[in-house]
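In what follows, structures are represented as structure tokens.
Shared between the two complexes below is subunit A, which pairs with subunit B and subunit C, respectively.
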Partner chain A sequence: MRNSRGNMLLIELMIVLLFFSLAQVTVVQVFAAAHQQAMSSRATHTALTIAQDMAERMHGANDPAQVLMDNGFVLADDTYVLEKDRGFVLQVKLSQLSQPAGVLRTAVFTAVNGEKTLFTFPGVSYEGASVP
Partner chain B sequence: MSERRTVKTRHAMSGFFVFCLLGLFALLSAVLVMVGIRACQGVQAAADANSEEQIALSYVLNKVRAHDVTDSISLWNTDGRQVLCLKENLDGEWYETRIFCSDGKLCEYFCEVGEPFDRSMGEALTAAQALHLKAENPKLLYVQVTRVGGETLAAHAALRAGEVIEHEK
Partner chain C sequence: MKGEHTEYRVGVGASSILMILVALALTALSLLALGSARNTAALTARNVEMTEAYYQAAAELQQRLAAIDQAVLRYRQQSDAAFDETWFSACGVEAIWTENDGGLDFLLEIPAGERRVLRATGAAYPRGDERCVLKTHELLPGEENEQDQAGLNLMGIE
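Moving on, here comes the complex of A and B:
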């Protein structure tokens, strides 16, 4: 009788320990996810700051491609790529549409982290042709 | 008699084992809570630093963009320190907003054009060690803010309508 009661207590304790252990595993996963989220948010923020700064520098520049090259971008398959050890890769695709009235330049900024695209935004500038 | 003693010892061992198990569990739980608190504080601190470090720079850049009109943006050099001066016309009167760093703070002072400059008159906006401004060309302003910890943040503002004028005062 006494022995059976002792075993029951042990089983009860083991169930409680199992339950709390599972709860702790969940909590650890939540903390890990929060940390990952914070890192991803910081990478997105840094990439956005760099992209905005580059867009400002390229605005009004005669040669936007040169501005990108001067700031560490490397040309690969028609796309300018900036790889830094900050958890993201910044890509810039340049295109321009020339018309008699002027030139419309578009730079599409894309930040990627592995397979995931963090953001994409276009920067457009227009340079009017000088009227004779 | 001896058998009874053996059973008692076995019970005592079993109780001790359960006690050890619970003690270990309590210890690991406490460690987990401490790790959790530290992780939470780290995430919170990173988020705070992320937003706070941008405040001064974003503020200056937004002010520049808001005053991007002809003859509105100028840079002064007074006592070896720089002041960003943004001029605007309100009801026919000319006023200017002076942005500068003083005593570890980014300050702003709104006054009439021509009023003598006094570094102590500004209203403190946020913490910043130094403000460095440079006109890379008349249409491109470089803004660098040094935080109190020595970390620097920089960005460019391309002016659409106005141009940067540099003065020595």
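Moving on, here comes the complex of A and C:
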């Protein structure tokens, strides 16, 4: 009697372990998806914060390129790139349009994560020239 | 009573009940984590959308200011025409103009997404040291947003 009960318990434990393992496979996948999504959101948010910070700093600067270089950006093929171990690459492309009245400076900020573009926006500042 | 002792045994089915409870708890936690991550992602997407819209509007504003400044310079260098709204319209500058002492005040309103408006005011002068002066630069909520905010006044404080 006692031996039969012990066997039943053992069989139940084995079945429980089997189902528990199967359930945990699903649960771990859900946790992994949540973690992945949270990391992606964090990277986008960090990139956006850095890009906004750079846009505002460059808005009042005489030399926007120098501002980028001072903050860790590296010039590669006419594009300033910030690449750190944060899950994104921030690219800034500078251009300027000179006219008799002043200079219109444009910096296009683009953040990419692999093949995916996280966001892109322009930072434009106009500086009027003193013309007699 | 001497020699009696209570024997505790794990009955058949106890481990199943424990497994069900643990599995349910872990499932609930994982779903909460996933829900939280999705909410954070949605919030980040909205933040990105609003930031992009704001900077697009700010860029357009700077371009219009450049156009106004350029039009004033062209007027000073070339024109004998009246310094009024028609001059700027002819130069392709869109703004709302009102006369001030010796110049023109302008108002620029550019949609900045989510019913917000980027509003700037300034003045343009046909002569003098300054051609174009920016006086205010502000991001305003739209009219419907103001109504929404009024609706959140739960305490009824004016």
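One rule holds for everything that comes next: the second predicted complex is superposed on the first by the 104 of 132 C-alpha atoms of A that agree within 3 Å, B and C clash if a C-alpha of one lies under 4 Å from a C-alpha of the other, contacts with A are read in each partner's own complex, and residues count from 1 in each chain.
Convention: contacts are C-beta pairs under 8 Å (C-beta built on N, C-alpha and C of every residue); 3 or more make two chains touch, one makes a residue touch a chain.
The model shown is predicted, which means the values in this text are computed figures rather than measured ones.
**Q** Name the contact category of A:V89: first (subunit B only), second (subunit C only), both, or neither.
**A** After superposition on chain A, A:V89 lies in contact with neither partner.
**Q** Looking at the overlay, does A:F31 come into contact with subunit B only (first), subunit C only (second), both, or neither?
**A** Both partners, subunit B and subunit C.
**Q** Under the stated touch criterion, name the partner, subunit B or subunit C, that contacts more residues in subunit A.
**A** Answer, by number of touched residues of subunit A: C.
**Q** Classify the contacts of A:V112 with the two partner chains as first (subunit B alone), second (subunit C alone), both, or neither.
**A** neither
**Q** Is A:M8 in contact with subunit B, with subunit C, with both, or with neither (first, second, both, neither)?
**A** second
**Q** Between subunit B and subunit C, whom does A:T44 touch in the aligned arrangement: first, second, both, or neither?
**A** second
**Q** Check whether A:V81 is in contact with subunit B, with subunit C, with both or with neither, and answer first, second, both or neither.
**A** Touch status of A:V81: no partner.
**Q** Who does A:G60 touch here: subunit B (first), subunit C (second), both, or neither?
**A** first
**Q** Give one of first, second, both or neither to describe whether A:F121 is in contact with subunit B, with subunit C, with both, or with none.
**A** Touch status of A:F121: second partner only.
**Q** Output check: A:G102 vs subunit B and subunit C. Expected answer is one of first, second, both, neither. What do you get?
**A** In the superposition, A:G102 contacts subunit C only.
**Q** Jot down the residues of subunit A that show up as touching in both complexes, subunit B in one and subunit C in the other.
**A** 9, 13, 20, 24, 27, 31, 34-35, 37-38, 41, 45, 52
**Q** Going by the contact rule at the top, pick out the subunit C residues touching subunit A in the complex.
**A** By the definition above, subunit C touches subunit A via 10, 12-13, 15-16, 18-19, 22-23, 26-27, 30-31, 33-34, 36-38, 40-41, 43-44, 47-48, 51-52, 55-56, 58-59, 62-63, 65-66, 69-70, 72-73, 131-132.
**Q** Which positions of subunit A touch subunit C when the two form their complex?
**A** Touch residues, subunit A against subunit C: 5, 8-9, 12-13, 15-16, 19-20, 23-24, 26-27, 30-31, 33-35, 37-38, 40-41, 44-45, 48, 52, 55, 99-102, 104, 106, 118-126, 128, 131.
**Q** Which residues of subunit B touch subunit A once you look at their complex with the stated criterion?
**A** Its residues touching subunit A are 11, 14, 18, 21-22, 25, 28-29, 32, 35-36, 39-40, 42-43, 46-47, 50, 54, 139-140, 154-158.
**Q** In their complex, what parts of subunit A are in touch with subunit B?
**A** 6, 9-10, 13, 17, 20, 24, 27-28, 31, 34-35, 37-38, 41-42, 45, 49, 52-53, 56-57, 59-60
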